[in-house]
Amino acid sequence: MSEPTLTTTGAELERTIESLLFLSSEPVSAEALADATGEELHAVVTAVERLREHYEFERRGLVLRELGGGYVLSSHPDSEPAARRLLARPRTPPLTPAQAETLAIIAYLQPVSRPEIARIRGVGAESAAATLLERGMIEESGRSQFGAVLYRTTELFLRLFGLSSLDELPDIKEFDPEPELEQELRERLLKAGEARAGS
Amino acid sequence: MSEPTLTTTGAELERTIESLLFLSSEPVSAEALADATGEELHAVVTAVERLREHYEFERRGLVLRELGGGYVLSSHPDSEPAARRLLARPRTPPLTPAQAETLAIIAYLQPVSRPEIARIRGVGAESAAATLLERGMIEESGRSQFGAVLYRTTELFLRLFGLSSLDELPDIKEFDPEPELEQELRERLLKAGEARAGS
Amino acid sequence: MRLVDLELDLDVFAGPFDLLLTLILREEIDLLEVDLAEVVVAYIDHLEQRGELDLEAATEFLVLIAALLELKSRLLLPGEEQEIIELDPGEAAEELLARLLDAHRYRAAANHLQARLAEQSGYRFRSAPLPPSLRRASLQDAAAVYSPGTLARAIGELLRVPEPVDVRHIGVPKVTVAERLAHLRKLLARGRFSFDEAVARADRVTVAVTLFALLELYKQGEATWIQGEPFGEITIEATPSARAARLSAAG
């Protein structure tokens, strides 16, 4: 007799979680779902996984993903062309190179101040940082010991970039310049000049 | 041979419509769905009906309803107690400067349109307005003569700021750089915004 | 354009940018003596002249000049930081190299983020207010957590009309190399002249552009110059062949 009940409970829980994720505009953690439903964490995790599979295997128009520290529903990318026609709201506009560089520095070094960003880029980052703030991708995070505003990335940043946490960013080492390029830069800094100086 | 194709198309259309209704907070008409998907009206109506039945017969957490001449998704009423536990606490993280500015403009000038807010601030207010809407501190209040959405503050706004009515909004004299000016607040804000944008 | 091609003519140094860098790193030129603003002006002129912007080289230049500015400001700071600034040339070079590598790294990371954002943009999220029943519940639980003063203060800030920026003193120099070439050729036709005469009452950018024009004349074999001593007067005259050509054209 207990089996059907268990199955029902599983289905009920999946259903409730579907409702909750639909209503919530931000990612919801497994713990918060367990609190709201009064279920055990492991039951929640199982139900979430079933819901995710349902969307995937039944080719539904929704996708369940773990992003920005919780579960969140989104539309399926296959519907993007129709969504663009229906909604006046444009899809996430691309970043300019200056914005992308500023965001990359903040993402990897956070919390980081604007002078530090400028130091790495060689140029200021006022307008890029203002746009990133306005778009909700970064936020202020206190002040440095010298009084400069510090920035960090937001939960929305993770969500927009499809990351469940900052750990999912590739190691910065992966972006190391090729050894040949490093060698070339080194030579240009010293040897090329020395050759001229010696001549 | 044509049947499987038809079925596939039907399923694809149902899937796209599911995505579109998920993304829309307001009811969407069959005509708008037909435009967005590039399908015939009758095919859209059939797909919507299939989607409605899917939610009902599979006991999903979502409900498809016809409301005000369009279709809209909502969460299943059975989930309401859990939803209340998860969401019925107002979310009140500190306001970002952009949110505070946007909210202040709406509070003192309501009703006010988004383009006006952008003119006063000198930058767009999309992200800030969306957050304030989601948190229930502002709401839409019709459209301007030019068709732009107008915003006003909500009852929740008053509660969160400890005000019993809008008349209790503090006098801005204390913070006004030129309190002697007689001009209307809206005009002064727009003029200052334009001066900022031009500098 | 490559940075190697950037030729400078400063008070303390004339030659290519990378040589200047080397000499600074080997402490053969005192960074304190180098007017970095002039380097920037020369670079901008160079860009203008070429009419193209190579982002790679531009970034490299910006990173290097920013690093040099920082080194210089550290040198200018008196007292306590004395031991930090005892950079030996090798260390300074390593620091500059580290800066360049970092700039490359974050540019690559930026490309990665841009690609990632594009790839994710088809996943759209729902943004909608809570349904009325939940909103009502929310209202019951609402406590006064925000201060109304915040709003009045924000309005006060927004009412502030910025001081109009007086830009009259910033003349926008619109001098081109072609104009300065014509100017120099006219002076050449009259005989020899000094560089100071050629740039009398001119602003810095015009001086820089005139210098480029002069280098161009030299390259074309039209003019040559003599400078008796460092910082001395530069006397410019037409080359014998140019003079001969002009005479035969006139005759």
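For reference, chains read A, B and C in written order, and residue numbers begin at 1 within each chain.
Note that a contact is a pair of C-beta atoms (placed from the backbone, for glycine too) under 8 Å apart; a residue touches a chain by one contact, two chains touch by 3 or more.
Being a predicted model, the structure only gives us computed values, none of them experimental.
Chemist: Which chain lies at the heart of the structure, taking centres as C-alpha averages?
Modeler: That would be chain A.
Chemist: If I average the CA coordinates per chain, which chain comes out farthest from chain C?
Modeler: B
Chemist: Let me have the rounded angstrom distance from the C-alpha centre of chain B over to the C-alpha centre of chain C, please.
Modeler: Comparing mean C-alpha positions, chain C is 45 Å from chain B.
Chemist: Where the CA atoms of chain A average out and where those of chain C average out, how many Å apart are those spots?
Modeler: So the centroids are 34 Å from each other.
Chemist: Could you state the distance in Å from the CA-based centre of chain A to that of chain B?
Modeler: 23
Chemist: Can you pull out the residues of chain C that are in contact with at least two other chains?
Modeler: 124, 126-128, 130-131, 134
Chemist: Among the residues of chain A, which are close enough to touch at least two other chains?
Modeler: 22-23, 25, 73, 75-76, 78-79, 83 - these are the residues of chain A that touch more than one other chain.
Chemist: Show which residues of chain B lie in contact with chain C when the two form their complex.
Modeler: 19, 22-23, 25, 74-75, 80, 83-84, 87-90, 92, 95, 97, 100-101, 103-105, 107-108, 120-121, 130, 133-134, 136, 139, 155-156, 159-163, 168-172, 174-178, 185, 188-189, 191-193, 195-196, 199
Chemist: Under the definition above, what is the set of chain C residues touching chain B in their complex?
Modeler: 124, 126-131, 133-135, 137-162, 164-165
Chemist: Quick check: in the complex, which residue numbers of chain C touch chain A?
Modeler: My answer: residues 3-4, 15-16, 18-23, 25-26, 28, 55, 59, 61-67, 70, 93, 96-97, 99-114, 116-128, 130-131, 134.
Chemist: Can you list the chain A residues touching chain B in their complex?
Modeler: Residues of chain A touching chain B: 11, 14-20, 22-25, 28, 32-33, 35-38, 59-62, 73, 75-76, 78-79, 82-83, 85-87, 130, 133-136, 139-140.
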